[in-house]
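Two complexes follow with chain A in common, the first pairing it with chain B and the second with chain C.
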Partner chain A sequence: MKRGRGALCCTMLGLSTALLTGCWDREYLKDLNLAYSVGFDLTKDHKIKETVELIIPPKTEQSATTNEIHSAVGLSTRGASNILRARVRGNMRVIKNSVQLIGRSLAEEGLKAPMDVNFRDPRNPSSDVRLVVTENDASEIIGMKKIGELQIGEFLTQKIRSLEKMSLFYPPETVNTVFRALTDPGQDFVLPYIGVQGSEIVAKGVALFHDQSFSGTLGKDQSIMLVLLKGKSGGNARFTKTVNLDTSKPIRGSISYNVGNKKRKHEFHVSVTRNGDVHVTLSLKLQAVIEEFTGPQLLDDKAVKRVNRELSSIMTQEAREVVRELQQANCDIFGVGRQLMAYHPKLWKRIDWNKEYRNVQFHTQVQVSIIDTGVIQ
Partner chain B sequence: MTSSEQTIYPSLDGNISYIRDKLCHTDDLKVRHLTYRGQSSALIYLESTVDPTLIERNVIRPLRQGGDEDLSQLFLTLRLETEHKLDQGTQSLLSGNCLFFTKDDMKQFYVLTTPAKYERSITEPENEGIIRGAHNGFIEDLTVNLYQIRQQISSTDLKVHYHNIGSTAPRKVAVMYMNNLADPAVIKKVEGRLKGITIDSVISTGFIQEFMEDQPFSIFPQFLNTERPDHTGAYLLDGHVVIMLEGDPTALIVPVSFFCFYQTPDDYSNRWMIASFVRFIRLLSFITAFQLPAFYIAIVAFHSNILPIQLFFTVQGSLTRVPYPPLVEAMLLELIFELLREAGLRLPSRVGQTIGIVGGLVIGDAIVKAGFVSYTMIIVVALTAISSFLIPSNEMSSAIRILRFPLMICASIFGFIGIAFGLTILFIHLCKLESFGKPYLSPLAPLKIKGFKDAFLRFPIWTIRGRHGEKKHN
Partner chain C sequence: MDQAEKKMSPKQLFLFIIQAQIGVGVLSIPYDLSKTAKGGGGISVVIAGAITQIIILMMWTLLRKFPGMNLFQICIRLGGPVIGRLLIACYIGYFILLGSNVLLNAYMVLQRWILQSTPKWVVLLLFCIMTYYLAKEKLTVLARFYSLSSLLFIPLIIFVSYGLTQARIEYMLPLTEAGLINILKGTKDTTISMYGFEMFMIVFPFIDASDSKKLKMISLSNLFVTLFYTFVVCTCLMVFNQTQLAMIPEPVIYLVKSLNFYIIDRADILFLSIWSITLVCSIASYFYAAADGLAVLFSKKNHQMFDPFVSVAFFLIALLPTTPMAIDRINKVSEFAAYAFVAVIPFLMMLISLFVKKKAGGAV
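Right after this comes the complex of A and B.
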């Protein structure tokens, strides 16, 4: 009798939870229309233009997907999305969004406002969504629809992932990491910077940000140098430089080397002098693998020593240039402010970091040593 | 039960007519009138239960030729007992004995053991085939079965205890255990529950099982049944108790843990690495066998964002034409599969191929083309079906097949959270379940790391069993 009542209770409980709960957040896979890549631009009248690439599922299992490009202008990001929803078919969802493009004009205004919806709604993906700044309008890039055989969203994702492996952008900057940097006063961030050349999309380097707004750019080699200065590497970091091995004869050879796949020594140290000057020691020891050398000499031990010296000086020069540009753009990518906050809080409270960052003295040193010349000397 | 006190009548005819009445004048009752020591005597037997040549050669011929010698001298090869209660005699007629009444000794009669033996040959059980090892199996004769076990375990500690169960048609039930290894508490429980069974007749071992289970309302079987003597012997030597029913080739083994259902004799004849791998695969199949459809439903209905992008479009592409929710789709296909399975079981093997064609071609392919279900659902159901057949025990396999339906409903209502809740309830139940006082989920709960050696994997035998003859306690 007792058992019967228990069973009845359980059944009733199960049935009521199953049938009476109104909140059903289920969303059938087949009803979803995926926005794979999204772009945001600022229009002339300061509204937001949202461009999406919708993926249309194939009619049968064997056929491929197709894409559609739609765009709408609204007061805010979500506002534009709502106007878009009225235009596109079905239920537009960004759950598998992989890349968000931000037009340069919008980036200059600041990222916080247009990105707000991404951070606020937990159903929006954030950890694997790459953020990219475009030289031209984002809508122009997404509007290209297809690059070769690939759909635009897929192309951009693949391109950015492969460039991350080449240390052009590393570590990957996603909506998640950008949110952290945005809320951190002692740390800034950089984003991949792409543009259109003819009918091709090319990586231009990185876009530097101060606080939340775009403040400058770095070139491709400089971007790789920046990644190395951060002490990171995406796996490969390749440079091609010209060196002169014989002082008597002006024979110059170009040398290509990879410093990304070997061990690096990275030193980053912030110190404050008595009078409140901030000094940053940034030294990098790289081990290079020669991949190509077009000079007429053999790279024997003596030549290698010379190349080491030459490359070290070239790289140091470049590193200093990168740091200079970073300071000019007021982009505290190394997190010097963070170090000050932690170890010199009194100083941190006293100074205006936005102004003071430009006065920080960087002592940058890069040392390159060749450890491998390949199978030939 | 007053009639069972009926003792022998003084007259021969009285005895014969009493037995006739008692057996309802059945036609296979034979009465042979003979003369012994010059006086008329009668041999009574049921011709359907005795061996006719045995009677002719060892009973009637000595009586005709031997003349007046003592009965124990005449029937040298047969077992001879004396009895004076007629009802006991009638009962022994049913089990293949014959009764001998003489006129000069009206205080008792003789019972001669002359049973007919029509037995199936000892063949390998069809649904418990193995690759290597002994290929014999139990048959419907209890003594032959006991012989097979005795042959394997020639130990003085192997004890057999008979019980008779059933009030109208009692059947013999044998309880076996190693006297030095089995837990006395378990033995006491088994004997107690066996004695407590009140039923007219026992049709099969399933009856015993249902009467004796700790938790008859649980979906999980708490008896391991096997038709393999080597399997049974191994469990006996592990200290388990075995129950066998006369006329049934199934041995019931108690107490068992969940992991016993995932072990086969093959595990111990294969080399340990291979056996470990196979066992691991089998335990993996436990997870896929009932969670895969639920998992699929949860993904398709709630969590489609966890699919990799390429898979996302493949699944979406195959789903676009399906008109109803994933739960209905899954239920439909699972039920079709269960129909096919049941039909395949009942059909004679010659028609069995038809089922394969109908199932594979007609339903498998046409149902997708017609847009009833998606290809991905077919893959999921096929994987589930294969996983469920990986389980060596048929009972466990059926239990797990049924389990996936509630889990599918959970998944369709709450997604992954629903699955988590369903599994929590399931594991709470499993942790609480006992088989004759022994925890069902041992060695997982209560945790015994040492027991893992023979539960999840199969470690080398010398590490599982003590080297210096220490016995293994379960």
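Right after this comes the complex of A and C.
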């Protein structure tokens, strides 16, 4: 009896060491090629070109990592990856991926098909991967390999993060949020839009999307305005405008202010009139901190009042322009359609949102009040 | 039964039923509900909870008529040695079927999300060893283990609550989009995650409390489970839109995966590892019930000698179906078996018991 029990114990121990170590689902870091950044483009014959930046671990401990750029053309995203795998040594994995670039041509074609693998394969990270649209080919940007001292993937990630803090793009659009917006008929999305100027990579603003395809762009200031209109802020939101301080004499000065780090009041309300017109009230109250003022006079109470009025009118004009461009691009970034679905389902069933969105009447109002002028008046 | 020298405390009963009830089903109810009830999924769950409560009341009326007896002994008392044993055999079959169904679904989830290249038999074997080890013990040991592992609900709830940061109430509205009939139909889809409370009929005599206290405890655990499910379903309905839900069979895990915890990128792996313990508890409950049934069937004092057979049965039944269609079929069969064995048969037994009692009273 006792011997039997001992034998049983031994077999159990043996079995558990053999079985519990997870022999099948393991991957050694040393066997992997980590892709830090990936870019997708549409080729002329409607195939997908995938460009990856692979990180090569240093040979000796002191030296830095290096990167390699590879690209391949395939029928689909995974198809291109498989062809790439045949080219690079070892297994290519995207588990450390933090940014995916999409060429404008592909974005115009639609994102649903090329992004599918991101949503489907649980091994693909999705919660912190930024999607970025590039003005020309994504392969061009990844092909730059190094920007200054930084490797391209690291550079892009840092750049996007810092621009998010400047409210150029906010809240961050990751693979997940895009998945949600792609499948939602009542909500569209915007993605960061970057391009190459000389040897530099420049943020151009945001790319607007309707349903799944690229449909327009907004400039840098407009992008910040869009973030504010969404009721969000990445921490700082800076503008520089020229204001006129006196009606009789042309005393002009440029003024730089930040509206991102103070409390904002945001109102977004969708209402439907009896005859089925959709009205959207979009009003924003901002508190500005003056960071720079180059006018010849002091910002005393009277001047501040006037600047407030001037800035409010400039910002309102700009906000209206942003909304107009959004409607032109058919990009329902505020989710007006979702509001209609939730609160006016009968109307929603009746209308064709793709056409009707352009007829929505936005009532946009921005009010700026200066609350701080720094340490000098 | 002799093995019950020590009885379960009412608190342990509370946790025992929760652990038995919360299984693999909850991971996919938001998906199942999105097909029928749409935004009103939360309401469907609450209705399912209410129906469960009615069934619990019915079982309780049956069980309190036979003090010190559990389901199997009542079967023999009511049906006599032949019909009673037949009924017990059916119940054993039911418990084995449901247990292996949970086992199979647990494997499917793990395979899809984490263990993609691990062979099926290995995962099943590991689960079987674990449940065997647990279920061969006395009920009090099970109860203690369940109570301990109930602590793991805390991280699970935190994980899911974190999803609320991405919630948008508009996704759930309008609540009655699908219509009341579809919401009621949705109730049917939650059955798969509701069962488990029938363990109550097995453990009833082994609880150290008055009958009304027992009822109170089990009602509380049903309340907890219903609220937990409602919370999970509502969170998922608010985080995903309907088109997405129709694509994602396990929205709860997908939700956890899509959360950004800064340090951890794939929280779903953590979530599932913790969840597996809860799954083991569910499977072990069915395992225990089946083994206990076998012991009564063959008039043995304890169930230890039957445990290996139950284990092998679990393993084989879960190993057999490989195609999605076969798995779907086994899910369907389990669902209907649950209707029969959880609702219909106890109800009939309750009716008979009323009748028998009168007759017996008349004879004496």
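Please note the rule applied: the second predicted complex is superposed on the first by the 358 of 377 C-alpha atoms of A that agree within 3 Å, B and C clash if a C-alpha of one lies under 4 Å from a C-alpha of the other, contacts with A are read in each partner's own complex, and residues count from 1 in each chain.
By our rule, a residue touches a chain if its C-beta (ideal position, glycine included) is under 8 Å from a C-beta of that chain, and two chains touch if they have at least 3 such contacts.
Just so it is clear, the model here is predicted, and its values are computed rather than measured.
*Asks:* Can A:Ser76 be said to touch chain B (first), chain C (second), both, or neither?
*Replies:* A:Ser76: touches no partner chain.
*Asks:* According to the stated criteria, A:Gln158 is in contact with first (chain B), second (chain C), both, or neither; which is it?
*Replies:* Once the two structures are laid over each other on A, A:Gln158 reaches no partner at all.
*Asks:* Given the touch rule stated above, what does A:Pro125 touch, chain B (first), chain C (second), both, or neither?
*Replies:* In the superposition, A:Pro125 contacts both chain B and chain C.
*Asks:* Touching A:Leu29 in the superposition: chain B (first), chain C (second), both, neither?
*Replies:* first
*Asks:* One more residue to check, A:Pro57. First (chain B), second (chain C), both or neither?
*Replies:* Only chain B; A:Pro57 stays clear of chain C.
*Asks:* Looking at A:Thr65, would you say it contacts chain B, chain C, both, or neither? Reply first, second, both or neither.
*Replies:* first
*Asks:* With the two complexes superposed on chain A, say which partner A:Thr183 touches: chain B (first), chain C (second), both, or neither.
*Replies:* In the superposed model, A:Thr183 contacts chain C only, not chain B.
*Asks:* Could you pull out which residues of chain A sit against chain B in one structure and against chain C in the other?
*Replies:* 25, 125
*Asks:* For a test of understanding, state which residues of chain A touch chain B in their complex under the given definition.
*Replies:* Against chain B, chain A makes touches at 3, 17-18, 25-30, 32, 34, 36, 55, 57-61, 63, 65, 95-96, 98, 125.
*Asks:* Using the touch definition up top, name the residues of chain B that touch chain A in the complex.
*Replies:* 217, 299-302, 304-305, 307, 309, 312-320, 322, 325-326, 375, 409, 413, 415
*Asks:* Using the touch definition from the top, list the residues of chain A that touch chain C in their complex.
*Replies:* 19-20, 22-25, 119, 122-123, 125-128, 174, 176, 179-180, 183-185, 187, 335, 338-339, 341-343, 345
*Asks:* Across the complex, what residues on chain C touch chain A?
*Replies:* 112-119, 122, 125-126, 168-174, 177, 240-241, 243-244, 247, 257-262, 265-266, 268
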